[in-house]
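What follows is a set of structures for review.
Both of the next two complexes hold subunit A, though its partner changes from subunit B to subunit C.
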Partner chain A sequence: MLLRHTPKEEVKREALTINPAKTCQPIGAMYASLGIHGCLPHSHGSQGCCAYHRSTLTRHYKEPIMAATSSFTEGSSVFGGQANLLQAINTIFTVYNPDIIAVHTTCLSETIGDDVNQIAQKAYDDGKVPEGKYVIHTNTPSYIGSHVTGFSNMTASMAKQLSEHTGRDIDQLNIIPGWVEPADMVEIKRLSAEMGVKIVMFPDTSGVLDAPQTGKHEMYPDGGTTIPELKSTGDSIYTIALGKFASEQAAQAIDSKCKVKYDMLDLPIGISATDRFIEALAKRGGVYVPESITKERGQLIDIVTDMHQYLYNKRVAIFGDPDQLIALTEFLIDLNMRPVYVVSGTPGKYFESRIMEIAGNKVPEIKVKNGSCADAFLLHQWIKNEPVDLLIGNTYGKYIARDEDIPFVRMGFPIVDRIGHSYFPTVGYKGGMRILEKILGVLMDKQDKDAKEEKFELVM
Partner chain B sequence: MIKVLEERKNQIYTKGKDTFDFACDKHSVAGSVSQRACVFCGSRVVLYPIADALHIVHGPVGCAAYTWDIRGSLSSGPELHRLSFSTDLRENDIVFGGEKKLYSILNELIDKYKPKGVFVYATCIIGIIGDDIDAVCRKLEKEKNIPVLSVHSEGFKGTKKDGYRAACDALLKLIGTGSTDNISRFSINILGEFNLAGEAWMIKEYYRKIGIEVVSVMTGDGRIEDIKKAHGASLNVVQCSGSMTGLAKSMKEKYGIPYIRVSYFGIEDMSKALYDVADHFSDNPEILKKAKDLVTNELSSLLPVLQKYRKTLSGKKAAIYVGGAFKAFSLIRALKIVGIDVCVAGSQTGTKDDYALLKDMCDEGTVILDDSNPLELSKYVLEKNIDLFIGGVKERPLAYKLGIGFCDHNHERKISLAGYEGMLNFIREVHASIMSPVWKFAPRNSASRGNTSSDAIQTSKCAGADCSPEACSSCGKF
Partner chain C sequence: MSKKLKDASTIKEEILKQYPPKVARKRSNAIVVNDPAIDQEILSNVRTIPGIITQRGCSYAGCKGVVLGPTRDIINITHGPIGCGFYSWLTRRNQTKPETEDSENYMPYCFSTDMQDDNIVFGGEKKLKAAIREAYDLFHPKGIAIFSTCPVGLIGDDVHAVARDMKEELGDCNVFGFSCEGYKGVSQSAGHHIANNQIFKHVVGRDNTVKEGKFKINLLGEYNIGGDGFVIDELFAKCGITVISTFSGNSTLGAFERSHTADLNLVMCHRSINYMAEMMETKYGIPWMKINFIGAKETAKSLRKIAQYFEDKELIETVEKVIAEEIQAVEETIKEIRPRTENKLAMIFVGGSRAHHYQGLFSELGMKTVSAGYEFGHRDDYEGRKVIPDIKVDADSRNIEELDVEKDPELYKERKSAADLKKLSDKGFEIADYIGMMPDMEKDTLVIDDISQYETEKLIEYYKPDVFCAGIKEKYAVQKMGIPLKQLHSYDYGGPYAGFKGAVNFYKDIDMMVNTSIWGLIKAPWEKEKQPEISANFVSGAV
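Let's look at the complex of A and B:
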């Protein structure tokens, strides 16, 4: 078996990362940029970075991913990448004609000290940015944080560089959805509409990365937050930011630039977190929760009630991105399951403290680790030492699941071996139902598969 | 209208129409949405299949994460290559250097996994911060008594081809360090075969059947010990022109081993690969005889099946966009056998010679592309009304969005396409994709008939008295 190399004995590792549970910043920035309508993401670095990010996003979404690169050479690495970026901006507007270019850096351009802010300014000054078009930029050094940091940085740059406070108040809320799937963004918009709250959400990859077959190559599909919408975020009543790691920076940026206050919530995954999101929508939007949403919630609780015996005390290992894991930990506890191992490659002290706040009393045996050396290898060792009943994480979990014969639910990024994540949400009450369906499906499939003849049940 | 970049005009050629000198081997234009990757990518794909080696990527985590087990290179034994090791350099390491971290990690890893060899890949940032990875490798090599090889694959130092070169440099350091005792005179190395879906096993078996010993495969299902004694072979048989011809040339200079270029893809090329090796060992006529028997035997069962597919596939049109141009040649020949015409052909890294040959092979009107991008690809694919696109991971969703069949001829394929068995697999896959009923629903096809998609549903005509429920949706009888 593939991971038979994983030894049971845990030794302290100083520096080594094996089978990383994260990747680097620029891909997060690229994903966020795709959530602006008419945007071409631009990778300021070597060609390979751009190619890898595009391939990885393509494997996850099964969609063409458009992004340009500065195509660094040895020369640009010695003399700086300014000439490349200026040429790139010119080329992009001439040939690909986007409304906006979102530039992110790479470890290479960061280390040689390119100042993208100054270069972007120069592009404007030299008249390389056509009237009514934009270049925004963010710093995404790969050796700091993780892909989530890159997403957060680019989202914050959208707020910093595009939001405007004109003084006229617009009766709308800003929602910063965090790093979630297009399906989740659709669901957040649906819930808000159902509540009767007008929102502007950014970034919004729905309509971009879940596009239909059209018979044409759409460089810029219909979806994405438009530039006028992004500008209007400075005039909104309030901001609701979902997921501290991916969204707080952007919420802060609008607050400090345009004095729009914000609520910082967990991602609305599961019952309690969705309750808080709906409450915030009601409070900040000045509306009552409609019957239709109460009904959805009731349906989710009804499923939990029907099936709670199958969930009781099941030990669960989860890994992936911090915002998802925080919300998922709470949901699992609400389901009377035991999230015993929680691993994220993304660094940040808040992660452990928030998880412990949620789970500390209820699951005292919980093991939490994030940042350096928090990888799939460590998780596998924990599982080898004390097994779990269920594993939830991205596709890379399949090695562990197969080796240890553990039911496995795919959630997170990337998922490169199953479909559905682009179309079916995990947020909101409906998302809760989907997660529950998946969890119960794998648990019961395992029970069916392993049951002795006489214990094999028809009705479950 | 889709525009073509002015700077790229010399990298696109229409046979029979254009006469200019074809430009290739160029750096991509900054700002273009290129399908190309980097130097590191080139090195990583070439060395990755060496299964008993430990591969560690020295740099920030991304480069290791993106190349974790993405290539379906199978191993018959150890699977150490499928694990992803990274030094995960952080800000401090960038400032103070990563040599110590690299050393301590490798020290730990070698003791833990006891690999037969180690490859250390340098990423972009190593070239900038100036870590002396060679020194670290030398030190560990002495201490651990196994080969520890640096691969200078800094991403910005050229194209993917330069990455192949860096990988071959590392291999060259290994070759010549093993014992060549007991190697037959009728022996070869297989170069540029990566054992995707077990292809190397199949090819080795063909050679074994005609009486040839395979000393090493570089690098499919590769082993350090085999590569060390590769200089004991009498002939190098090189597939995949881009990645390994350089190594074959170096081995010729250093060890006097001649080389031939082959392809295992398609009936003609596979047979030629066997005959060319047999010709090289012409002092042993038994080999040629066995090769002839093998080919006859395989073809007698394969050809009738292919004929059946030809009936439905003949006249269909294909577009090819692959990494190396050599692969394109084989694909064109293989598709011809079932009557499919290639109307668009291109590669990421072809050379002048490659493109000259490509031109010769193609029919009038075929569009030839170097280092293309999604805009150009979709433009020509639609203009030529293509039925099948053959490419890699980034091209698949492009083709599908346009409503065109697709066959992956790169890392992500699951079935072997080499040899005789592979030819059948390939044509089956092509057939499955081209003939899928899904294209009937694709907007492209309803649009080309001048119908909107809702009209398309209505296109089946009522046959009056002979009307049947399967054929009719319009007469209301059913």
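Let's look at the complex of A and C:
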């Protein structure tokens, strides 16, 4: 057993996190920054932060993750990191020539109280930012929230620091997709185009983190939301924000800065949440839902009706990030599955209340925990006490799945041992089909593997 | 036929052109056109320029990730916000094999105090103590280690005082702390040193039980990535050499505690562990010798050195027998593969030893390493230990504690007389010595310390190597340029590469990488220069 020391008996922990179901803010900010075209993310802290974030994102995407660091030493930790950041900005524009640098802080620079806003301003004042180029910044103290908070903070900073209200209305919707994969961003754009709704989406990592092999390394690949697009978000007619934890802050920022109102929706994962997204697109975009979309939906429903017997009442444990888990809980319930354990390291009271709102009546036995000490160790203990038929989570879940012999579907961040998440979406009806294919695949593989010879089925 | 290469000095100049003048001056001293015939100085172990996209990580990574990560029965608690613990959770591929199914193994777990803003404001010592208690109550481990992350040092949490208190409170659990805040030093290297110091202070020498065995050694600086340590252990077993302790691949706390009972320390990764070798020599009288189990030739050479060190006829014979036995598969594989790898070019930019060690493997394949450098090496790793007295200690290194070590009045035992050691040294045994990478590299190769992303791309552009060796952060950018990148930290999830068996694995993997057909398919047929004629007509018509 790999997790041989995990006892069945659950003892309350208050100080020790074991096998976390979250990581720290700056990596989320780095990921979000990669969704701006021509952007070099910059980590204002020790080299290790930047190295760790780049490594983790690289393992997840199998793509170059370019980012720079302020390379703090003990001296800068004592005297402040202003000199480091100013030099970094100069070096980056000279050597790596991005259109924009997106600076995020770390627990180090936050603890010593570096004012990145003032430092960025000084960089402009000192002429270290070439004409037509930008430095934006956000605060991402690692000791608050989680990686999702960092994503949210950087996305909000894009809105605060780049959106402009010119008074000229543009017939487009803003979509803030939340922390989803490049494939999901492609799917959101495809669905919007299919609906005939013009959108500007930010951040947009498609085209950046799913770049083709061309024989040439592009520091700044084709994808990403452009700066003019980001500016234009202040003139859009409406914003649709997907996933409250990752996206609401940015939606609020545009609303308060440029008076663009917003709809706050769950991530469009599964049937009902996608339905609401499509309806919102139709309503805010002033279009009817085309037949083609209804057909896609019908295909998803068709798979469920065909395969319902394999799903009905199956107990599922899920862990990961709040926006995904909220949407996934609803999808699983739509499939008549029972999401019995839901764990996220990301804090926030809304999480439990939203999950209970969705699942309270339908899965009364559901156990939900998020925030402090809500970790994969606890989830494993719950599973040991009352087993589940399926586990859904990031790659670290495979240790639990192997020890307990549970079918396992990888969803979330990071996925470092399989490919596909960059290319095949989980949002929208198509995404629902993919999730279903994966769930059915592992459940049926287990049935095949465990079946006695006389019970082995050809057709399923 | 070998490729005609551009002059290295010209390449250096062209690389430096892009930099702002101050940066160019600094980088100029970190890029050396190698000449093994003369002494050359390279700027290393100095700050990376802010804004440069570097390979380097931090002190915490070197301490918790590299040195302490591979020990399975210590509960490693990261004291800090959640990230550092999360990123160093199982990501270095240190394999471990507990003695039984019930033996302790905490490596698949990640432990963190997950510091919150109130801990930053009011201090985190209370939470740390509580976390240690919770870990002890849940697991009853023999040892708990605490690793400080950046904010811990800044807010003034005293992890060593907490460790002392908790060790006393728990009674049967060794608790010790590491002040390895990420901002210490200039790279992972500071963390190695900090790890060495604390293990030496708090663990080594606590158990005087002497293990049976005629030739007792410690293997230092071998982290069992991809199972390298298993292969080496197997070789030692075949030769009749007893491993008391490995620092720190597949290791246990108990083995560290007994490590002072060995008679010879073998240093594999000089950069990360030479401190331990030196301190053990001073305190316990264990001589140390640089060896290298990467590459078949180096493995054979290292085994022979060990046998000759012990001056035992039987051991010398056994070693020869083992080499003869193992070398067969090596020779057969080389014979088959070398025609496909001969004269190809390699570049290696990793670590503090690997960039040197792996050159041997490439030369066994007939490949030339045209450029190499360390991520966090010091001058002695490049130029040899003879330069240590000349190395200027700067502010960043001065902050790392140097332990004051003395002869242990009871446990010190001379293993070999100074005269005998000198004799071995004179034979080129690298006794308490390491000659460094540069003397082993050919003339006019480029040695580059702490290479940046920009320099990496320039080098590839100029040399068009057949394989580039680095780490995960560099892998896909290099591969996007159409050059296969071999990860020499994680081995691309393959290996082992150590010893004779590992060498065979490496030859096969490199053969696979440089000869895989996919690189030839990057351009779509319609993108290739020679388009079908009809298309050419079309284009000229349009123009």
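Assume the second predicted complex is superposed on the first by the 460 of 460 C-alpha atoms of A that agree within 3 Å, B and C clash if a C-alpha of one lies under 4 Å from a C-alpha of the other, contacts with A are read in each partner's own complex, and residues count from 1 in each chain.
One rule holds in what follows: a contact is a pair of C-beta atoms (placed from the backbone, for glycine too) under 8 Å apart; a residue touches a chain by one contact, two chains touch by 3 or more.
Remember, it's a predicted structure, so these values are computed and weren't measured experimentally.
Annotation for the three-chain superposition on subunit A: subunit B and subunit C clash. By the document's definition of touching, both partners, subunit B and subunit C, reach A:T69. When the shared chain is aligned, subunit B and subunit C each come close enough to touch A:Y143.
Judged by the touch definition given at the top, the superposed model places A:Q213 against both subunit B and subunit C. Subunit A residues in contact with subunit B (one complex) as well as with subunit C (other complex) are 2-3, 5, 7, 13-20, 22-27, 42, 45-49, 51-56, 58-59, 62-74, 76-77, 84-85, 87-92, 95-96, 106-108, 111-112, 141-144, 146, 211, 213-218, 345, 372, 396. Note for the complex: subunit B touches subunit A at residues 3, 5, 27-41, 59-68, 79-80, 82-91, 93-94, 101, 104-105, 108-109, 112-113, 123-125, 127-129, 155-159, 374-375, 378, 382, 393-394, 396-398, 400-403, 442-445, 447.
Of all residues in subunit C, those touching subunit A in their complex are 18-20, 23, 47-61, 77, 80-91, 101-102, 104-106, 108-117, 119-120, 127-131, 133-135, 137-139, 149-151, 153-155, 181-187, 395-396, 399, 452-454, 457, 471-473, 475-482, 522-523.
Chain contact summary for the complex, subunit A toward subunit C: residues 1-5, 7, 11, 13-20, 22-27, 42, 45-49, 51-56, 58-59, 62-77, 84-85, 87-92, 94-96, 106-108, 111-112, 141-144, 146, 211, 213-218, 345, 372-373, 377, 396, 399.
Against subunit B, in their complex, subunit A makes its touches with residues 2-3, 5, 7, 13-20, 22-27, 40, 42, 45-56, 58-59, 61-74, 76-77, 84-85, 87-92, 95-96, 106-108, 111-112, 141-144, 146, 211, 213-219, 345, 372, 396.
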